[in-house]
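Every chain is named by a letter (A, B, C and D) in the order it is written, and numbering of its residues begins at 1.
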Amino acid sequence: MSFPLLTATAALPAVGAVATAAVPAAWRTAAKWLALLVSLATLALAVTVLVRFDPDGARYQLTESHAWIKDFGVRYELGVDGIAVALIALTALLIPFIVLAGWNDADPLETGSSRWRPTQGFFALILAVEAMVVISFEATDVFLFYIFFEAMLIPMYFLIGGFGDRAHAQGEEAASRQRSYAAVKFLLYNLVGGLIMLAAVIGLYVVAGNFSLQEIAQARASGSLHMATSTERWLFLGFFFAFAVKAPLWPLHTWLPNAMQESTAPVAVLITAVVDKVGTFAMLRFCLQLFPQASKWATPVILVLALISIVYGALLAVGQRDIKRLVAYASISHFGFIIMGIFAMTSQGQSGATLYMVNHGISTAALMLVAGFLISRRGSRLIADYGGVQKVAPVLAGTFLIGGLATLSLPGLAPFVSEFLVLVGTFTRHPVIGIIATFGIVLAALYTLVLYQRTMTGPVKPEVSAMPDLRARELVVVAPLIVLLIFLGVYPKPVTDIVNPAVKQTMSDVHKKDPKPEVEAAK
Amino acid sequence: MNPVNYLYLAALLFTIGATGVLIRRNAIVVFMCIELMLNACNLAFVAFSRMHGNLDGQIIAFFTMVVAAAEVVVGLAIIVSLFRTRHSASVDDASLMKL
Amino acid sequence: MENLIALLIAAPLLGAAVLLVGGRRLDAVGHWIGTLLSFVSFVIGVVLFADLLGKGAEHRTLTQHLFSWVPVAGFQADVTFRLDQLSMTFVLLITGVGSLIHLYSVGYMEHDERRRRFFGYLNLFLAAMLLLVLADNYLLLYVGWEGVGLASYLLIGFWQHKPSAATAAKKAFLVNRVGDMGLSIAIMLMFTTFGSFAFGPVLSHAGDASEGRLTAIGLMLLLATCGKSAQVPLQSWLGDAMEGPTPVSALIHAATMVTAGVYLIVRSGAVFNAAPDAQLAVTVVGAVTLLFGAIVGCAKDDIKKALAGSTMSQIGYMVLAAGLGPIGYVFAIMHLVTHGFFKAGLFLGAGSVMHGMNDEVDMRKYGGLRRYMPVTFVTFGLGYLAIIGFPGLSGFFSKDKIIEAAFAKGGTDGWILGGVALLGAAITAFYMTRVMLMTFFGEERWKNQPTRSPEAPSAEPAAEHQGEHAEPHPHESPKVMTIPMIVLAVGSVLGGGFFSIGDRFLHWLEPVTGYSEGHSPVGAWTVTGATMVCLIIGVGIAWAQYGRKPVPAVAPRGSLLTRAARRDLLQDDFNHVVLVRGGEHLTRSLVYVDHTLVDGVVNGTAAGFGGLSSRLRRVQNGFARSYAVSMFGGAALLVAATLLMRAV
Amino acid sequence: MMTHLAAYTTSTGEAFQFWVLGTVAVIGALCTVFMKKAVHSALCLAGTMIILAVFYLANGAYFLGIVQIVVYTGAIMMLFLFVVMLVGVTAADSLKETIKGQRWLALLCGAGFGVLLLAGLGNASLKEFDGIGQANANGNVEGLASLLFTKYVFAFEITGALLITAAVGAMVLTHRERTERAKTQRELSEQRVREGTHVPPLPAPGVYARHNAVDIAGLLPDGTPSELTVSKTLRERGQVRDVSAEALNDLHALEQRAEERLERTAIEPATFKRPEEASK
């Protein structure tokens, strides 16, 4: 038996989480370094997975399979396809930055404050989330997936509810109230989605007799497992609902702005760049593979919802007065693109969507983390409290601009490639939806540039005149992300090469072929 | 007259007893109403006994009486001790079932 | 030789990277690095040009494949460059004029503490613009297309501390994005139509596709053009873009970037040739903009904005020509090149004037400057003569050809378009003469008055060391600024003749763009004659109005048209009322909707359950008798159910 | 063996007895429920039970009839009366409803249940009666006994155990073991002094009230009655007579007479009413 690489990748951060939590209270810095080391080691493991993965090989690789709950046919089954590999790499890549960016976020407040901020807990929770996200990407057993899909809510709940921004306009009391509101909202939304999914999971077991994704998918493909049309649709909806909450898709999105607004920037990145990706990933892996017919049946509605997400999220981003809320709504718009790409049912759409997940992770991380640095300097999230930062802190402004440009999908930066692929993929099958979605790029420019203009340009506000530029630690966080954004914008082939075969498989799962062009001119 | 009328009477008495249980607040009266219900049942049993021509119904009625006696003993004892601690025989006082 | 193409782009890109990442260490030499790399690019361009000239007309297309960019199933985007006669023309224009303006900026931006960054942006622009014209497929072109938009954004907003500059930059980017949307939809359409968006397959198979699709593609490309080239209805950003430093206006908003739309149409000629409706739309847009820009140019007192109106109008000519199809492509490009020379020259001249006038931009506060800045006067004057189409100068040749071609379109269309083009020529003569007269002739209106205009409180940093309200001391600019102006003036004088005599330019471009001789209903000399008459009329009116009478230092109220023209023919007001206000209302109401409705539904559900449970909780009142009632009711229900079941 | 008729009827005498006594039984039951005082309820219930005993007898359940009278009416009802006496009369005797909607719900449920029950009985095919004669052939008591000690012997034994348990349970519930020595009078008075409440003995009833019966509250100097003067049990039963208004009226009349005698301005005769009268 070979080394269980996938288990190790998920287990390492889990063990790290426990170890970090166990560090004595006085050794705060040690806990931080431990968390950083663990996340880097996880990254190393993830890179190993990436290297060992053969894009042209079997669909699921590095598989592990052990019996777990025999009576219910639940197995501990892991395996990765190209999409999962890309996302695991993204997750493992982002966590060290999140840890580094949140280095001081969970320090105890200055003496005299009654609030105690458990540093160890903060980093342990982040690592715990990482472990659960990674295993969600790896699980090929529906039940196993479900458990971790739900379990990650717990550490996220504590991260949102327990660690907010340091300063708050309305005082500590209001901040804490809003935080717990956001955390509860997050939990409730996702829990409801999860419970509906649980019903569907049980239903799937009743219909299929086991939980193995591969077996069920094969049985579906070969026709040996027949599902009644309505059964399949109900099960699909049960799964999809949970993923749509997590993703989040309009109109199930309202938890995201609250959660992102109230949590610290690194945690906000964790939510939107890492945890939410599980939702869109699961749509590709579970919805399309298990319920191909129902997926096709639901496509029109989902595409329209995704379209609404895109335009609506962007419009709301324009109207926001809070930097983090703005980024949250921008993310909703981007998730609209991802879901649209998935359900466009074209190679371009799905490859684009997968690529989008990776790119959105990186670009949002860049933008949000810089925004977090900005907010921590001034102690306010309100856009109106800033102005002229560019003059005082040019490097901060520059990185903020690059993050913003990535968000608006400027060509040359990574998100452009994926966004365009999604648009093309949608357009080839649904031209009208594709065209309307294109309006999203104008709106994206609007909210990004308005944000930049209001915060960074113009006369220097007195409150920001003493603002320090990015520090070394912060540069270490931002610079690699920007380099990655540029690299993947210019040369996304490494990612597409991994993703394409998996997308091809998914396309064949749903029995869809790309539409032919009118004139065969490519030859 | 058809002896089934005894059954109607039993049903009537039972209903009156049940309503009494719901309406009265004095625990003792409530208990009396319960006794009334039990007696109504006994009447029905006796009538059934006659209807079927065997004594099993009467046996059951006999057991009912015995159990009712036991119940009354315990119940009244509870009422007395309740009254001692709360100085009231009302079943409503201080919503007993609420924390 | 092919391998040099990438270097064309790499040189300025390297410059941009070094200058922007390098930090303050490079402040002392940054501008020279930028200028040097720009010249390097130009030299490479010249070498490649020489190489192309050495080949036969049919072999003048070089391609360089670098790597596969986005390969997904049928969607294959490569990073491939294509250098043919059309791209070569642009490369030379971009790097040539670009290098001169780099040089000019060394002097112009001398006192700006962020000069290094300025050169970084300029280099970034060069790289993006070169990428735009060298791309071998539309997606790569799109990268350059947005890249120049970014550079333009950064440069317009270079003085970010001025809110007006920041706003103008944002506006430029946004309006351009609308155009970019057109380009991206066009690319998608190409992909669904041809399964590719590389120039080769698309252009060679354009004839095979249905006309409806081609028209759609054409219209989307036109939308892109409108955005980038400031054509009606997306022209509103160009006037505001003058907030940027003057060299930027000269390079990006006069000579190169704004002409990218013309490049796009000419490059996609094969598509337009097969879609007459799209072509008609192009000519209409061109004609309308031609007049629009000219009228706006007549009313502006801000020298740069007047020139911006002129730019709009001249690009209108080019778009008009490009819309005419094969009879106009070559002339569109020719006018583009000559315009690049003289308009860059004019802007640099304007910059030089401002440089000497404490950054005053109001022409009503100029006057009689020819004595103080002779070199500027001469070069500006030559540019002026070129643009109004003075016989023998470059504008004469290129514009004349376009007017001829417009008539040659034939039919009513031809007469209308030709007439508009002629009218445009007259107005051009009027407003350019106006600029000339107000700036260099007449009284010296700048004397005895403070000059810092309130609109530009801390305008160009070059003036920062001077007193707040000092009377300006007009002076000639340093050599590093005048030399580029002289070179450009020489180009504007000789370019047209050089290109036209012997149809050199026609023969050079024809293999790429195709050319067909138009059959004009009026003779070539008649058109020339008519143009001359228009020119004289225009100049004459301007002379009568601004040359003979003194120019009031404060603008008179003016006619309704004048006032409208001063406000960009109310287009901004329209935008403000409809788009900005409407958008604000929309977003605000959506924020409200999201908070109350979408969130409200969910919260309402929660509150509903909460309310229900608090109601239900009241049932649990702790009274044993209440519970007994429920039990009794339940028993009654059970009896009822039993009876019912038996009855059924 | 009798061949049974579709409509088994009883003798006319029994029918007469049923209708008369049945009516009384229902009235007794209703009185049980609606009588204000527990004692009256208990008496009505006893009456109903006796009638039921008669019905048992009429139905051939002689043993049960006797047991009903002896055990139920004789023992259990007496137990009830004892408890009523022990507990005394409390506010719980009021028929006034305190839970909103309880009465209506109860009556609704009761009516519904009753109607359903009667309807169910009406629907059931209960026309065939075997009569008890055959079963009682060897004597009712003997028949019961033979069943009780054969077929139902286990149930019988268990019932016995239940009775014993109940008896023990009742004792446990009602018996209070004194865990500490009773306080002496001295200790009680010392405690009162310590607490500062009612150091002197409680006032006697009837003081200043012209009566000195135990159920009349003594009056305070301002003429209002003092609760402290009457026994707690009387208070709880609501059997305290209030004569304060009378006394005050008498006083007033006396004053008026004195004024008349002294030929002063006539004073309007004031009438004092008892608080509860005033509130009516």
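Here, a residue touches a chain if its C-beta (ideal position, glycine included) is under 8 Å from a C-beta of that chain, and two chains touch if they have at least 3 such contacts.
Note that this is a predicted model, so its numbers are computed, not measured.
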When contacts are scored as defined above, which chain pair ends up with more C-beta pairs, A-C or B-D?
B-D
Per-chain C-alpha mean nearest global C-alpha mean belongs to chain A
Hey, how far is the Cα centre of chain A from the one of chain C, in Å?
37
Calculate how many whole Å lie between the centre of chain B and the centre of chain D, each centre taken as the average of the chain's C-alpha atoms.
15
Cα centre of chain A to Cα centre of chain D, whole Å, reads 73
Whole-Å gap between the CA centroids of chain B and chain C
97
Multi-partner residues of chain C (at least 2 other chains):
621, 623, 625, 629, 632
Check each residue of chain D and list the ones that touch at least two other chains.
99, 102, 105-106, 109-110, 113, 117
Spell out, as numbers or ranges, the residues of chain B touching 2 or more other chains.
18, 22, 25, 91-92
So the complete set of touching chain pairs is A-C, B-C, B-D, C-D
Which part of chain D faces chain B closely enough to touch in the complex?
7-10, 12, 14-15, 18-19, 22, 25-26, 29-30, 32-33, 38, 41-42, 45, 48-49, 52, 55-56, 59-61, 63-64, 67-68, 71-72, 75-76, 79-80, 83-84, 86-87, 90-95, 97-99, 102-103, 105-107, 109-111, 113-114, 117-118, 121, 126-136, 140, 143-144, 147-148, 151-152, 155-156, 159, 162-163, 165-167, 169-171, 173-174, 176, 236
List of chain D residues in touch with chain C within their complex:
99, 102, 105-106, 109-110, 112-113, 116-117, 119-120, 123
Interface with chain C, chain A side, in the complex: residues 188-189, 250-251, 253-254, 312, 315-316, 318-320, 346-348, 351-352, 388, 390-391, 398, 405, 410-412, 416-417, 420-421, 423-424, 427-428, 431, 434-435, 438-439, 441-442, 445-446, 449-450, 452-453, 456-460, 490-493, 496-497, 500, 503-504, 514-522
Touching residues of chain B toward chain D in the complex: what are they?
1-9, 11-20, 22-29, 31-33, 35-36, 39, 42-43, 46-47, 49-56, 58-59, 61-63, 65-74, 76-81, 83-84, 87-93
Tell me, which parts of chain C touch chain D in their complex?
621, 623, 625-626, 629, 632-633, 635-636, 639-640, 642-643, 646-647
